[in-house]
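Naming follows writing order (A, B, C and D), and every chain is counted from residue 1.
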Amino acid sequence: MCRLAAYIGTEIPLENIIARPRHSLLVQSQDAQEAKLRVNGDGFGIAWYGHLPEPGLFKDVLPAWADTNLPSICRLVRSRLFLAHVRAATTGASSRENCHPFTHGRWAFMHNGGIGNFGHLRRDMEALIGDDYYALRRGTTDSELFFLMMLSNGLDADAPDALRKTLDQLLGIAARRGTAGQPIRLTCAFSDGTRIFAFRFADDRQAPTLYLSDCLDHGGRAFASEPLEGPCARWRAVEQDQLYELAPGRLDVHAIAVAPSHTTSLRSLSA
Amino acid sequence: MCRLAAYIGTEIPLENIIARPRHSLLVQSQDAQEAKLRVNGDGFGIAWYGHLPEPGLFKDVLPAWADTNLPSICRLVRSRLFLAHVRAATTGASSRENCHPFTHGRWAFMHNGGIGNFGHLRRDMEALIGDDYYALRRGTTDSELFFLMMLSNGLDADAPDALRKTLDQLLGIAARRGTAGQPIRLTCAFSDGTRIFAFRFADDRQAPTLYLSDCLDHGGRAFASEPLEGPCARWRAVEQDQLYELAPGRLDVHAIAVAPSHTTSLRSLSA
Amino acid sequence: MCRLAAYIGTEIPLENIIARPRHSLLVQSQDAQEAKLRVNGDGFGIAWYGHLPEPGLFKDVLPAWADTNLPSICRLVRSRLFLAHVRAATTGASSRENCHPFTHGRWAFMHNGGIGNFGHLRRDMEALIGDDYYALRRGTTDSELFFLMMLSNGLDADAPDALRKTLDQLLGIAARRGTAGQPIRLTCAFSDGTRIFAFRFADDRQAPTLYLSDCLDHGGRAFASEPLEGPCARWRAVEQDQLYELAPGRLDVHAIAVAPSHTTSLRSLSA
Amino acid sequence: MCRLAAYIGTEIPLENIIARPRHSLLVQSQDAQEAKLRVNGDGFGIAWYGHLPEPGLFKDVLPAWADTNLPSICRLVRSRLFLAHVRAATTGASSRENCHPFTHGRWAFMHNGGIGNFGHLRRDMEALIGDDYYALRRGTTDSELFFLMMLSNGLDADAPDALRKTLDQLLGIAARRGTAGQPIRLTCAFSDGTRIFAFRFADDRQAPTLYLSDCLDHGGRAFASEPLEGPCARWRAVEQDQLYELAPGRLDVHAIAVAPSHTTSLRSLSA
């Protein structure tokens, strides 16, 4: 379990989301309120968009609260669109390769949750990565793998369709291999540098929390695992089984339809 | 605030203290029960004595629970006397230089607590380090500095006397400079490879907890911030203002007499 | 390209191989004489056998010469059989997961060299890992993958046979996929805690150097990328296409027969 | 010995100095041509000025060529004035605290060279740090200490005067304590965000190299330990005993007059 935040809007210093709010991502790294684990000390990462199509990427394995580079970078670097993540390791060791976000080309991706029984599903999942993306596999997390499956399924061309296909594949593998009673939970945010996509999905319908802000002080909007400034009317819960697509001045919501057979079999497996 | 443990007895794998007990030091690093901070994720360290007079030293900045080397070293390395520490940073950044234990020659030293208003006392404290030890200063912690003061005050020749002198110097500096209402709290354990010394001292008489076990399963004895296997009759609290000196088959307790004038003035300062 | 050393004999401190000789592994990390790259600063690792069947493992990403833990561990830890490695990264980032040796159960494995065009061979190689070993894949190196293939091919039951099968599979994949004119070079040492195996193999017959010592001062023997104490009669070059099996008081040499068709096609590819 | 570069001019991506030139700082970290040590693998650091008076700071202990964050930050971060440094450790362990540049308020400072016999001069040098700056001491390097002495000597008010005073103090201490035949060599660059200062000074007149470019392609100018694009007319050597002050469109050179008695006694000491 982890905590994450993603911002889109006018250019702001990263710290306006990561460090300055009363319940900032940095605070959540030490004292999460709505997560299974209160402490998210197994590394952190930021992907931010600047003057190039490809995002910058800064990750490290120290707890976010202890890293001496993070405050400086958050204060100096400004961005109109960025993703930030603090990690509580579930699968995969504490290495930079296993820290979120993961990037490829214009895309950046991060995940909160876990894929139950991943050790037994991993091989079948990796088999579905396209040849073009196979060499990108750097770490051992379920999260990076899910991202590579989405890329293989045409994320660049049609994000909602790629997500549906990937979930369908994952549930198919889980149905075949079994999840040993453990849930599949995915609360994710990802971006191509123009929009932020975010969704919550879980086969037991208990995906980790995610909130979407209305207009923040500085004009932009953000997704966050927990409202950045305490419970207030300006944050609303992201609904499950919907893919949110947030662009400046516009929010689209796409239904994520998953083949009923899979969800049925999975629900009974995890019951 | 930190958590620590020190063992003396028959040779055992380090993991018998650090990792295997139900409430091991590793568990305390994630879930301390009697500390101000529940999480001690800012690095760890072990000093262990083997076939040489000087101890081995292994420190790193990752949280103890996340370090991949630690379990292996704890399983393979055996020792008859070792000190182990997990850190929650108060002063000094997360660097190996600031992780405990600190070593010099045969000596290893670790500390739990903090010296109030240290930034203002530091210069006067450093001025009291003997020339022979000044070059040893590696980091920026109050803990390393207290150790170097003890060495300068003759730790090698007479440990209780060196401790008394050092406390007296520290309280004198604190009286002169003021502690801005913050307490001076020292719960320490240190060793020369033949004995473990441990004490609790605080100018507000609220030194961090420390316990001493009776005979453990494997014949040895240990000090620990919290009993390693839950509250039971085999651990008793270490009293304040006493220096415990634990050798195989023998426990001596020395009173730490501090000049009344200092304690009086300090109590009024911190009141 | 990397530098490595492996010792078997009476119990000695690790430093007797790693740090004390005039041309120790530590010296080779900064100033290799017979390697393509003079500096091997991308991490290091040690696997050592002690009182358990499974080896201890200590790896880190800092240059060996800069790591503050390494000297202490080399001085204090004693072992009758250990493998040590300093890395110059060719494939795979500087992460602990990509540092050698790799271990599984009783086995430890390390590699010097590289598999040409690995990015294009990787998928087919990973497909040959047995299900039991697939979950062990932690990093992205060709080296770890070769080790997992050997385990899958029965390393535990018959090491020479497992090596031959693995080389045969690798050359088959290389013949199918092509190596883009890059050589496959493997100079490896591995152990189950009772013997050290070592071999040199290259499809262009230019495997990295490896030497075997006669009796060292302390009674044991060692393999090393470069003689530890300068050129002298007591070290002889390890021949290519032979698997050396070194146990206390005994050296066996097994021929590595590789199917002619593969070697032919590869030679022409890399010509 | 280290390698360094400092840029001032129109805003450019950091990589234009650090990574893209044929003989970039990154190349120099692996293959310095004019340094005592060819490899500078003991960490790196960048201080850059952006929209705030205080610089951003990014340092790490991995070799610059191996750090995965560095390329991304160099590509995305743009600046009109920045300092960059790759380190070959002489005094002080490989820790972020000991990596250059060092910063305080608007100032950033970096050093190439070394203060001979520093272990014996350190105490007297630290005694000269003003109370206001004493708490800033983070590491153990001679470089950070020289910077704190300059700050204490009024760097903010008059840089040439602060440098002269600091050199005078240093040479006085060296004359009193002796340098054991080792030279004092300082090639430094520092900035307050509006100008870059740089100088070469050595008591044996062999300060590490430093070059100043004429106008670079992108309009700015740079200091660098070695010309960034090989020997060409557009780089000229910085002369010793001069403080260069480089601002957009302007270069001032201040003489560094050091009291003759000191230099005389030092020359005889190091002869």
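One rule holds for everything that comes next: a residue touches a chain if its C-beta (ideal position, glycine included) is under 8 Å from a C-beta of that chain, and two chains touch if they have at least 3 such contacts.
Per UniProt, the chains are A, B, C, D = Glutamine amidotransferase.
No experiment lies behind these values; they were computed from the predicted model shown.
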Dup interface of B-C (contact pairs over half shared, numbering-based), picked from A-D, C-D or A-B, is A-D
Two candidates, A-C and A-D; the one with more touching C-beta pairs is A-D
Averaging C-alpha coordinates per chain, one finds the centres of chain A and chain D separated by a number of Å equal to 41
Taking each chain's mean CA coordinate, chain B and chain D are separated, in whole Å, by 38
So chain B residues touching two or more other chains come to 68, 93, 96
Given the complex, residues on chain A that touch chain B span 30, 39, 41-42, 61-63, 66-68, 89, 93-94
Residue set of chain D touching chain A in the complex reads 48, 50-52, 55-60, 68-69, 72-73, 75-78, 96
Per the touch rule above, chain B residues touching chain D in the complex are 93, 95-97, 119, 122-123, 126, 131, 134-135, 137-140
